[in-house]
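The same subunit A turns up in both complexes below, where it pairs with subunit B and then with subunit C.
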Partner chain A sequence: MRLEKCWFCSSTIYPGHGIQFVRNDAKIFRFCRSKCHKNFKMKRNPRKVKWTKAYRRLHGKDMTQDSTFEFERKRNRPERYDRNLAENTLKAIKKIDKVRVTREAKHIERRMKGKKGKELQEAKKELEQNISLVKAPAVLKEDLSLTLPIKVKVSQTQAESHLMEE
Partner chain B sequence: MRTVLKVVDNSGAKKVMCIQAVKGKKGARLGDTIVASVKEAYPNGKVKKGKVVHGVVVRAAMQRGRCDGSEVKFDDNAVVLVDKQGQPIGTRVFGPVPHELRKKKHVKILSLAKHIA
Partner chain C sequence: MVQYNFKKITVVPNGIDFVDIILSRTQRQTPTVVHKGYAISRLRQFYMRKVKYTQQNFHEKLSTIIDEFPRLDDIHPFYDHYKLALGQINTARNLISKISKDYVKLLKYGDSLYRCKCLKVAALGRMCTVIKRIGRSLAYLEQIRQHMARLPSIDPNTRTILICGYPNVGKCSFINKITRADVDVQPYAFTTKSLFVGHTDYKYLRYQVIDTPGILDRPFEDRNIIEMCSITALAHLRAAVLFFLDISGSCGYSIAQQAALFHSIKSLFMNKPLIIVCNKTDLQPLESIPEEDMKLVMEMKAEAMKTVIGQGGEPTNDEEVLLMMSTLTENGVIAVKNAACERLLNQRVELKMKSKKLNDCLNRFHVAKPKPRDQKERPPCIPQAILEAKAKQAADKEKRKMEKDLEDENGGAGVYSASLKKNYILANDEWKEDIMPEILDGHNVCDFVDADILQRLEELEREEGLRQAEEAADDFEMDGKELTPEEQRALAEIRKKKSLLIQQHRIKKSTAESRPTVPRKFDKDREYTSKRMGRQLSALGIDPMLAINRARSRSVSRGRKRERSLDRGDTDGDVMDMDVDTPNKKLRVRSTSRSRSRSKSRPPTEVVPGEGFKDVTQKGKALKLAKKSVKKRNKDARRGEADRVIPTLKPKHLFSGKRSTGKTQRR
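Showing the complex of A and B:
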């Protein structure tokens, strides 16, 4: 059993799932679900569709270069079976997976790092530019025309109406 | 019935029209055998226009379930002409063919094909 990758979203296709389309030049397009198949039929480019792996890789959202990806690769030469090797591989899979997950989390963290400072900078700039819109509270008290008309307190009237009903 | 299929071997026919599925009444799908009438043919070929021939559907645009539950579909509808015993008339097969033909005992077609999907 081989776990294939979806042509559109690059997710894993487990046996018995999805559909495959064979073009006349014998290129096989495998799709994990009808969503991906439909998008392919609509001639969408996976690099331009935001939820695909191809887009995320292209735009630096995901980690692309890492030694952990080297393990999951199609090899042309079949490996000779060795019990010890198989055992070690099974053990290693878990560990490598853990390493990959932590590295990915770190990558995202690093990517998000500058965000807060950037937002603060933008807010500061806006405040500086539009300071004329803001008036000091003391000025507002002096000149009543600057304030909005006084709001009627709704809660009180409601309480009264309740009383009337009773 | 009445589907015009491309012939993807060197038997001499270009296009055939399905006139009967050999098994079942619902028409033929990928891997099924059909009876067809030759609508277009190359001059000097083995098969002449107007002949009634048997053929195996080697490609179908309609998806077909595989034994593991996934599905497969192709670009076009194509046949390989065979005689009544199931031996191919031509000596070459063009384009990809599905491996399900082995299950249908058309091993000869599979061995002639270049690409197996």
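Showing the complex of A and C:
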């Protein structure tokens, strides 16, 4: 008995569930439930349907490459039974699962976290480059801090008074 | 030779019926509707199909007739008509095929419905005439079929015993005694109208016994069809022949007549074992027949012996050749049968031995036997050990326990289930009955089985540890950094300024819509004023006075503006001294002079009591309003408010009501 993967949504198909469709070219399509089957009949591409694993992996929402995936591989040669090996395998499966789950969670967390660091960097660069828009370079030379200069209102009379003085 | 089942030959319809059957079938089984508006290829196809279908049906039916009727070799002119009839059927079949082929070829190039139809009519018509011509042959074959259906099925190859002789001699009673066939036994001649077949057994072999209808002693040509049947049967089959002789003469024919018959048809018995049977011995035993009859009988016997001699048999068995029996008392019946069967068997065996096939086989066999050089016995030598082993094996076989025995011991089929893992070869025998799980937590365990899985797992865990440490370090680093409030304010200002610039640019951007057809050259919007410059410079933190003064001193309109306030309180000389490097000296000179000569006039904003204003501000406002109203509307070839206006954004007739035709899916 084997647990298969649904062709459409990539979830596991437990025994007693789902439908298998064999095409004329002998390719087998397994579906976990009628939702996936109906989507398939509608000729929808799972890579474009948002809730499938195929979409999520393709668009980087879920982890794609990891060493934990390499533990699980379909082997076609039957091995002679060895109790120790079987025991170790069973224990290992649990541990590998744990690791994989934590890694996937981390991946999603990283994705959700946002670009705080990046934004910080950007802000700093912007400040450096564009400070001349709000503070003249001459003023900046005298006063290296980033405090903005106080706006002085210029009226005609003041200008004239200056003129008169001279 | 093919086995014919005469009873199962299909009925041969006569000519007219045949045509009717086929044509009606064509009409029913092919499409019937066609219009002249169809594509020409479709029309052609339609008619071609009809022609082909008719031809196929004719072909089928004629073929079945030809196949089912048996093919008999040309043994007698009697069968000429039969062969001719079958030949005619064959030619008819070929003719029909040819007709169909020709007309289909013509139909391929038919260019209208009418023409195709005519071609089809012609084809079918010709086929039907062919059949009508062979109508007579069909009728003849039907008769023969009816006749043959009454014939019993004869296998010409098996052991056959033929019974012949004058009518009413006792053949049928003989057959009734031997076999289970219930043959008519009637006292008058011509009872058996055709051949009757029965089966009997001898030495675990089956024999066919064929009874022929009564054969009258007449020349060949005068025999009727029924008798011809029997005669041809005789000649055709390889069988043992029993010629029945009525000793008593109660059949109505004398022994002389019977002898004459025998002699006339002896030519047919050339290679067949012949036995002469004297029947009805209860009425008159053989010994007591008159001399002449005895002589005739002896002649017949001699003839019969010839046949025996001809086969290379022993001439001493004259008992075998001439036998007595009585069907009424059943005296000697079995003896006759046995004799006949035996003779036949011997003949067949001899024939087989002589046949080529056997010779071929025999040639390949050669059993080589070494010639014995002395009388000493030399049996094969088997060592004692082997003999013992063999004996032991035999004993073991009885003793070894089968799985089935085990099952029976432990309660039978439903109770005990055999342990299939009993004979597994594993590293440790304790593991034999282990059940390994196939599925764990949604994974197939078999996919993970690997010899060095532990090692890899260790690596993985190490890797994971390292990664977690890294992550922690990263997180720690990230927490310290943030912008100070000063920096934040500066950043906000920068961003605001940038967005303003962008907005300005967008407003100013010269697109076809916004560009006036006659462009303006100078500062229409009054952007470039010294006040503005002063504001901007001060925003940057620089003292603007110097710049403003410089700008003003250089500006052209300085002299043009009314500087009343200036004139009132200042000396002109000072004003003039300032202008050392003015560009338009001339203008300057003139403007000042003009300003001097003019008398002091009232400023427009001065409130004159008769005008009706409250104060300066009100007057100023009123003046402004007046000026504004006179101002020409600035169109600048731009799209104005009146252009492309949608007066109602949601007109009722578009947003409500049903449509007379069509859907109201969108509005």
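Convention: the second predicted complex is superposed on the first by the 114 of 166 C-alpha atoms of A that agree within 3 Å, B and C clash if a C-alpha of one lies under 4 Å from a C-alpha of the other, contacts with A are read in each partner's own complex, and residues count from 1 in each chain.
The working rule: a residue touches a chain if its C-beta (ideal position, glycine included) is under 8 Å from a C-beta of that chain, and two chains touch if they have at least 3 such contacts.
Source: prediction; values computed, not measured.
Please indicate which partner A:N24 is in contact with in the superposed arrangement: first for subunit B, second for subunit C, both, or neither.
Touch partner of A:N24: subunit B, not subunit C.
Name the chain, either subunit B or subunit C, that contacts more residues of subunit A.
C
Now for A:R77: first (subunit B), second (subunit C), both, or neither, which partner does it touch?
neither
Examine A:G16 and indicate which partner it touches, taking first as subunit B and second as subunit C; both and neither are also allowed.
A:G16: touches subunit B, not subunit C.
Overlap of the subunit B and subunit C footprints on subunit A, residue-wise?
Looking at subunit A, the two contact sets are disjoint.
Along subunit A, where are the residues that touch subunit B in the complex?
On the subunit A side, the touching residues are 13, 15-24, 26, 28.
Touching subunit A in the complex: which residues of subunit B?
59, 63, 68-76, 95-96, 98, 114-115, 117
Which residues, counting only subunit C, touch subunit A once they are in their complex?
Going through subunit C, the ones touching subunit A are 424-428, 430-431, 434, 436-451, 453-454, 456-457, 460-461, 463-464, 471, 478, 481-483, 486-487, 489-491, 493-495, 497-498, 530-531, 534-535, 537-545, 548-549, 552, 566, 570, 578.
Write out the stretch or stretches of subunit A touching subunit C in their complex.
Residues 1-3, 12, 67-68, 71-75, 79-83, 85-86, 88-90, 92-97, 99, 102-103, 106, 116-117, 120, 123-124, 126-127, 130-131, 133-136, 138-139, 145-156, 158-160, 162-164, 166 of subunit A touch subunit C in their complex.
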